[in-house]
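Following this line, the structures themselves.
Two complexes follow with subunit A in common, the first pairing it with subunit B and the second with subunit C.
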Partner chain A sequence: MIGERTRIALLLAPALAVILVLFGGGLYAALLQSLGYFPAIGMTEPGLDAYRAVLTSPDFLNSLALTVYVAGASTAISTVLAVLLALALRRAPGRISTALFQLPVTVPHLVAAVGVALVVTQTGLGARIAAALGLIGEPADFPALLYDRYSAGIILTYVWKETPFIALIVLAALRGVASELEEVAQTLGANAWQRFWYVIFPAIYPAVVAASLVVFAFTFGAFEIPFLLGQDYPTMLPVTAYREYRSIDLSARPAAMAINVILALLTALFAAAYLRLSRELRRG
Partner chain B sequence: MDKRNRSAGIALALAAVLVTTPLLPLALWSFAGEWRFPDLLPASWSLRGWEALLAPGSRFTEAVLNSLVIAAAVTAAAVVIGLPAGMALGTHDFRLKGVVIFIILLPILVPPLASTMGIHLTFIRLGLADTMFGVFLVHLVPTVPYTAIILTSVFAERTGELEEAARTLGAGPWQAFWHVTLPQVAPGVAVAGLFAFLISWSQYILTVLIGGGTVITLPMLLFSAASGTDPVITSTLAVVFALPAVVALLLALRYLNPGNERGFLGVGKVS
Partner chain C sequence: MSTRLELRDISHRYRTGERAVSHLTLTAGPGELVALLGPSGCGKTTVLKIIAGLLRPTAGAVLADGNDMTGVPPERRRVAMVFQKPLLFPHLSVAANVGFGLRMRGMGRRETGRRVEQALRQVRMEGFADRRPEELSGGQQQRVALARALVTEPRLLLLDEPFSALDANLREEMRELTKHLHATGDFTTLLVTHDQGEAVSLAERIALLLDGRLQMYDTPEAFYNRPVNRRVAEFFGATNFLEGRISDGAAETPLGRLKLAAPVPPGSATLTIRPEAVRLEAGENSFPARILSAAYLGTQVLYTLEAGSVRLRAAVPPHVKLGVGQRVSARLPAESLWAFSE
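Then we have the complex of A and B:
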């Protein structure tokens, strides 16, 4: 008979091996290359040059600012919309609203991006409806929402994908404790606003924050949508890292890897915050 | 119908419009013939997009097959790897459990793009770059965490009493696992497998980095079409690309009980 601890270790070994070797090993290799340790092109003197260059370059700072803006705006809009939708839908038939919300959650991001692009492009569905209503005469009258400086196309795609994700989590929280407490508050004479602010909001708040954190971390580090719908300059961090990586100039690689390491550190921080929060959630 | 029900009905209709708005033009364009601005509907219908995908010289069939083979292999591996981990985390308490969960969660929130760029050079040296097997390996990074976490919650909901009864009746540990545990967790395993399949099917950048343009998958065709100017081809590819998600959703709604409603959460976080 093998001991309990050995058993647990053996059960965990395959999953941990995959993550430590393929993911951890990859991040470690990225760290080495960011430090300029890159024997393949004759760089064997480790140093912090790439970080110094990246952190002082306006290109990186613009990219970081854009990333914070897009992730922040997408998360804020999705969160507010999700809470409003969940509040409005909590008495609708559960199965229908769940099925409806799961569609955007399940459809690949790339499909969402192409669909949103076909709605908001200047000859798209939105422009056609605007024309039918007499609001615009020709496509050029419709605002440019793709590849634009406000990243409208990216944010809209994320809002479409992530709002239902947060709404499903909020709906689950609303159908739990919140609905019972609300009835109690109602019998005690609390008005609608009081019920929301003192009963419902505190009950759903931890779930809302946890879900928003996941969305923020994801939109911060995701590649596909900003690569497809983003402007040429500045680009979001993952796109910037990829472009540096793909640069013909091999000496740009340490910079690409430095951006990757910074991206990994920041998102790991979000992951730690999320884990802490969800542990507190479970403790109640 | 009281006032509350009516407002819930209006909210539901609004949500339905918002959800379907970006999907509608995809469905219409994929069958559109002539559709000029500012017409609200195509003036004529055609199968041009579908014919183009199946025309000789099109890499559509190759891409779909590659996507399917990779996703199927990734699904099988991610379930086989994630199942024991879920069992350990769901049924045991041990020191460092928090650390293990953190490590398993990391690739869900830290973009695997960063680690994949880092590992690319090693894959080139090992001859894994530009191969299906290399692509399969990097697809394990975003999928194994999900199967492990989903199966952890599946095992955490069980008490283990049935296994104990089986053991008391003389079953060995493997017999108890095969005949008692596995049939009981089968729905959870199916959800985890669907997850892994959809995540792998949706991967774009990991495949591009490691496949190096040699391993062509469906999202790569969709990406290059979307960067072009033909909405018919783009939409047709997008419809095919969205198909597994829609089928999975219908299956989940049909076969999973309402308690499992949240089982699908999070696919959007990785695709």
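Then we have the complex of A and C:
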């Protein structure tokens, strides 16, 4: 007779093996290379040179600053919009409105990026409509939202994709106990703003923080959208790492891997924060 | 200041089209304790939410001291409500929960603190001010919820089955507390309950709702002795019913001609009598019967009697010992016999 724990472990083994070999193996190789152990090009003396170089390089710091800015702005805007959206939708009985706002969740990030690009380039749909409506003189007057220094295109795509994701989680929290507590507050004389600030917000706060942590961690480490819609310099960390990795100069490899390891560590940190929070959430 | 509450021809339909309440008209005098009684799903909570302003009735009006409140939002009605679940704000301490309504009205910290302390003392929870809601038992939470409602000095207190989730002892204690708070406070109370015992022991008047319709609105005693129809009588545990025709203050029934004390209009009617009122003796309104079964209930014995095609129940003191099959005389005293035409 095998115990329940062993049984679960055995059942999970095939999936875990794939994750361990592909993901763990990759991470292990990256760690070795970032430490300067790369026998293929004759590097066998491990050390922290790559980290030292990366962490003091202005390119990396610019890249890190941009990444924090894009991830932070995307998360902040998405969170505020998501809370407003959830508040507006929570009493909506119609399934259509709910289904409609969930649509972006199912669209892959790549497709979203292409869609946003088609609409907001200076030759795109948005520019032509604005010109046709007489809002701007000609399509080229449309503000540059792609490949720009403010990364507007990237942030826009993330906001479009992640707002419904956060809203879904917030909506679940709102439909739970929050509506009953709101009725209590109402009979105790609280007006709409007081009800939001003193009752609803504290009730959904953990869900809001947990959902935005997930979004922050994702936008921090995601590659495809900044790669497609971002400017040439500085680039966000995942793109920087990719470029270093693709460099003809193989000696740039440890630097690329160091960036990756740093990215992985930071993401792990966000994940740990999320796990801790969700555990507290479940405890109520 | 307690309020005179008036419900005028209230009807409510859910979004699904289902009728929750039909043409409810009801008045509760200032300072009165009225129970809204009915089985679950009969529309009681809907009525309470309409009074609180949490629901807008499809038709009809809610009046407080003669003023139409129908369009007034809940936060401006000075109507406090205690729900079935305590629903304390989980992120606030007991004291902050109780002080919530006062803070929302902009009362200063010191005055709020003083009143919170007083309210907690009223519900005997004075030592718990700094606790978190999850540290309290269900009964304690419900007492805090009661204090939270009362501290706002409502003119009308709505109680939505606030004791139903508690165990029997605690329920009794909470009823006593509610009765005491109502007697010492200055507010009108409307209690929703499905428990007729609770309604009878607490309320001055009971409004019985069945299928969203008001069946009877009267004192607890009237529900036992003068029910208006068979469903009301059955809801209050009546089991003895007799068909008859009324003429000249008496009813022609399968048991013979039975005299009635209360005036009843002539025509066909249903007669009812509580089992406790049936006498096993000869005299006016008596007839021969046979004992079909006996159930010993401790403080009384419940006999099922058979007289011709009629079966009746009689509850008598336990010292009267009769055997199954035994022939007896049964008497239905005129003053306990009640008739209603349907």
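Keep this in mind: the second predicted complex is superposed on the first by the 278 of 284 C-alpha atoms of A that agree within 3 Å, B and C clash if a C-alpha of one lies under 4 Å from a C-alpha of the other, contacts with A are read in each partner's own complex, and residues count from 1 in each chain.
The working rule: a contact is a pair of C-beta atoms (placed from the backbone, for glycine too) under 8 Å apart; a residue touches a chain by one contact, two chains touch by 3 or more.
Because the structure is a prediction, the values reported are computed rather than measured.
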item	value
Overlay on subunit A: subunit C relative to subunit B, clash or fit	fit
Contacts of A:A241 with subunit B and subunit C, given as first, second, both or neither	first
Which of subunit B and subunit C A:G189 touches, first, second, both or neither	second
Contacts of A:L35 with subunit B and subunit C, given as first, second, both or neither	neither
Partner chain in contact with A:A88 - subunit B first, subunit C second, else both or neither	first
First, second, both or neither for A:V170, with subunit B first and subunit C second	neither
In the superposition, subunit B vs subunit C on subunit A residues touched	B
Vertex subunit A, arms to subunit B and subunit C (CA centres, degrees, nearest 10)	80
Touched partner set for A:L110, first subunit B, second subunit C, both or neither	first
Distance in angstrom between the closest Cα atoms of subunit C and subunit B, superposition on A	10
Set intersection of subunit A contacts, subunit C complex versus subunit B complex	none
Partner subunit B, residues of subunit A touching it in the complex	4-5, 7-8, 10-12, 14-16, 18-20, 22-31, 33, 40, 85, 88-92, 94-119, 123-125, 127-129, 131-132, 138-139, 160-162, 164-165, 168-169, 172, 214, 217-218, 221-224, 227-228, 238, 241-242, 245, 256-257, 260-261, 263-264, 267-268, 270-272, 274-275, 279
Residues of subunit A defined as touching subunit C within the complex	93, 177, 180-181, 183-191, 194, 198-199, 202-203, 284
Subunit A-facing residues of subunit C, complex	15, 52-54, 73-76, 78-81, 83, 85, 87, 89-91, 100-101, 104-105, 134, 148-149, 152, 158
Parts of subunit B lying in touch with subunit A, wherever the complex brings them together	4-5, 7-12, 15-16, 18-19, 21-26, 29, 37-40, 80-82, 84-85, 87-89, 92, 94, 98, 100-119, 121-122, 137-138, 140-141, 144-145, 148, 198, 201-202, 204-205, 219, 222-223, 226-227, 231, 234-235, 238, 241-242, 245-246, 248-249, 252-253, 258, 261-262, 264-271
